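Labels run A, B, C, D, E and F following the written order; every chain starts at residue 1.
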């Protein structure tokens, strides 16, 4: 039994609160236990220079953490004058994950930017961000349809993400910060509703891991993501 | 009657939610109507270089806006690589306002950093920030007392802030974004519980303003700030 | 009697030297006692992107201090790689103050940039800058009229600025550096020839200040600014 | 048959040239076909601040590409003023991969920095970098032993990396640039001599990929990495 | 006869005004015709990190141009966020030229920083800067002697600089901006009172230049610098 | 006899390897003894903004050093966030030297960028860069002719560079790092095939130098550059 009273294959309490802030075309507060991220989707009727005139749209993401979203205060990146390597890595991952389920030609020459801002961190901020970002993106797309700017949704299917890891010798689903700090192997998995992979990023933090350990982790991730996609669906029909 | 159904001398609905996030020594969500700011206070047992060894503490503030806290998405300052002049101006104002009510010698050689992050903006983000920051600062100081690091509070008295402005020919209290965009004169006033001024920043956005107009604005501000200080007191005793 | 042998309500010796350097459309050395600032006005036949095609002009300001304009050498901002918060705050103030007296539509689609560079500092650099910048701006506008690019001046009235403050318990006009360092309250006031306010920025450096103290400060400022505006007028008719 | 006349499970021609430049403690030119990377290992008798006094060493990596290592010239990152997200992601991966096979306590309080500079790129620069970096690191460690600064090697086992991908419906080993540009799924795998994983990073560039596709890719990667580790061993005994 | 009514071998009107500003240990306004540069020398009782504890001092220089010191306004370098290559080149040249005549061991562990700020430019700003900087440096050193911090001057001899160039087919001394813009070859020469060279920087702007042309230029430079050194001496004895 | 067994007037072993990397229009590895620089020439069919529409081309250069090209590792400039003053000075010198032998009008509206990246440094990197860059530039121009984009070469004549210096009392040609570190005077000379000067940059590192010393240095440089130009010619005809 984990310190959080969860089973090894149990997600934390997941909440998706839509229309969390009032200005964005999509705005979702996603909570994976104590991890809380505001995901907003902003639609702009223009595309980045490399896409100009190609009749295609773009979906991109930016990620940030409030300085005191963590146990000890982190330096504010705008004051530091640059985004850390970790920040850039995460926002590139979020962007790729969302683009993988969007037909960019069908989106038309417009850009949707998803901002994922962590207001409280307890492990799994990138997987919570992807899971919440998909809901915000869907709301923004539905707004485009409602306003007549799109006839049909360019979103092909749902996408969600979860972390899995080996702590001691046990494979665990949806690590919190303490578990993440102590794990031997940490893996972030991004999957579609159809059960296919978009991203797998596995890292040995301590011992290198075997093929069979990896298989156990993927089994857990598949199970967790199926639940997350169900929760996204419920949230979007409320 | 204002579009928000308020009287000229009426504050928006004000809410102060303490312990809004779990890591910071003080954490307050402050709402002035639709303006929502997370204010966290972080205590560090060290001071900036210019104060080292002087037996004095420091209180400082940083300010930021989530990119889509506003009607159209703003560029993320960490991606831009620097904080705007406006951001720096505001965070300097918040820091000065708080230091004005703290006995820095009595605080001892430690620093309290107040982060004010706007998650939804509708005018008055700097005055909401100061008003919420004071509550977060008080919670952080009370934590220091509770943990035996301080014997008595170095906070001399409460401080709060409000905006006032002239729209058309009427002096209005606590402007929302629409009113702020249309005002002739915009003034931010920071006052103490004792009714004295810490900062007055008045700017003619359109017509220059007369001495008597300024007096009307200060009358309104005094009234509003007295109410805000009462609300802070109620919040801190809950 | 002040250390500088001035009365409480007495300005320092003020000098405005026009055509101080040879390239700019307007170039003024302004001296408030030992504070010396070169103000140049540069006309460019283009506007910033946000004004393109709107038939309006723009007036903006930049501010800098030579590294050894002060008692101890300051780091050069270009070497540091950024302008300080204080620098940005001051240049934004100068820009707003000048725009408040210019009819930007009447200026036409061109930009006038006022550079205020402090070559010697002894308190009041921002108020000296505004006072000198107005003269440089006027010269640049008169150049535009002389060259047939404008038919009439878009400047509505004169603007000048002065600092006032409470040192000990006395309200003083036009603080020098020593007075500024010791004052309880420091206020910068920007006024028009018609005696109306454009900006009031009052800050309690020590004790918070009362409404009546503020009134004394404004009385002093009104008196001082009226004299400064008279001196600007004399300078411009020489 | 691939355009390069290789079998699906065949590595490109691999060359490891030690002592490629004369100043570094380890210096290796690694070639994976037309991809050429200079990997140098620099030993410094100091550690980063977060490790000071802990009796532990550090291994880190930096990555760069010469502007014309690619088909069209890229902007020089030092002129642009920052490293791209991609660069940071790669150098973090290289650093983690090497640290995973080094006993940092046994290394003692010193840092080894591996610089991986791509002089010619044709796909797989990050996997070539890791493979070459391990050889440079080993040379640097052997230098420390030869000079009496270390008694035994802190390197636990060899590490190498390769890319695999699905092009059309075929799983291919060690993609060149053309194959990489056309692949549906791209996976970088970092493994140890013992056949365990240190990093797996799989990304669906086009279609999402199935569990069985992933298994085929890992089979290929295991085979390729075993060959690379054999080549490293041969190179180090010459 | 040149447009400025000068002979080919004639300097512009040269003026050296000491004690130009009041705070610096040395402060000189140097004028080469319409080129005007403020040179200040600031003494700090510390040295850069690479010299700490070596019992040696340091002399360094920084250079800047006011944005409207030139015919059309230049971007302010602090706003641009960096110093241009030209600026860095010039300030490195000034620093080297001054260090070449100072016995850094005799200076003791202190640093003298010379700031050269161009308030009006008409060609030759770097040579005017060196010529004026030497006078400011001497004043700062004399201050150190007067205050008992140094027993004897660490300055070995005087240094001055001038530009020479070939315009058309004529070698000219001390080029103004128009001449500089039209010259085939431009050479900056830094010499000591003893008539030896510290720096020669010759650049073919148009046609490459011959050995005999170079000799003519050096003849001119030697003559001009001897006059400048005489003018420095006169200025320092006033 | 020098430590490298060379005569005072003897170049190091010089090698020019064309087509060193495969992507660039010109790619040369230049070796001056142990100094090794990769020079690539990249052609782009566009010009910088200041030349747009003028019917002229541009030749420019960028310079960098791999972090461990030197005896102790240097900080990577892209990680530092800016190019050093030395780097900018060198790349400006390379660019000027090449432009001096190219008819930019005859080049047409296109830009050739020469990247000079030092992979191993032992003194004279800037002179090796210029010498190698000319060969890379020539290859790129010949490519333009071969592809029909140019009818005739816009290159007027060859250019090469060498360093000379006074060590002890002896004038030496082509200094290596040890000689360069110990020299009294260091001079970089850039000359054309016709024996005329493009750049002369002489610096007294220790003692100031006399006119006759300078003449000895130029004699040596003329001799060395004639040999380098002969080697360029041989390389280009292979």
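Note that in this section contacts are C-beta pairs under 8 Å (C-beta built on N, C-alpha and C of every residue); 3 or more make two chains touch, one makes a residue touch a chain.
If you're wondering where the values come from, they're calculated on a predicted model, not measured in any experiment.
**Q** Considering only chains that satisfy the touch condition with chain A, which of them also satisfy it with chain B?
**A** Expected: no chain.
**Q** Among E-F, A-D or C-E, where does the A-B interface recur, judging by over half of the contact pairs matching in residue number?
**A** The chain pair with the recurring interface is C-E.
**Q** Between copies chain C and chain E, are the contact residues mostly the same numbers or mostly different, with half as the line?
**A** same
**Q** Determine how many degrees of rotation, between 0 and 180 and to the nearest 5, align the Cα atoms of chain B with the equivalent atoms in chain D.
**A** 120
**Q** Take the average of all CA coordinates in chain B, do the same for chain C, and state the distance between these two points in whole angstrom.
**A** Spacing between the chain centres: roughly 28 Å.
**Q** Measuring from the mean C-alpha position of chain B to the mean C-alpha position of chain E, what distance in angstrom results?
**A** 50
**Q** Can you work out the whole-Å distance between the CA centroids of chain D and chain F?
**A** Averaging C-alpha atoms per chain gives centres 33 Å apart.
**Q** Which chain D residues reach two or more other chains?
**A** As it turns out, chain D has residues touching two or more other chains at 81-82.
**Q** Ring order from chain B, via chain C next?
**A** Order around the closed ring, chain B first, chain C second: B, C, E, F, D, A.
**Q** Given the complex with chain C, which residues does chain B contribute to the contact?
**A** Against chain C, the touching part of chain B is residues 82, 85-86, 88-89, 91-92, 96, 100, 187, 191-192, 194, 196-204, 207-211, 214, 218, 222.
**Q** For chain E, which residues are in contact with chain C within the complex?
**A** These residues of chain E touch chain C: 21-24, 27, 34, 36, 38, 40, 42, 44, 62, 64, 66-73, 76-83, 87, 113, 115, 117, 119-121.
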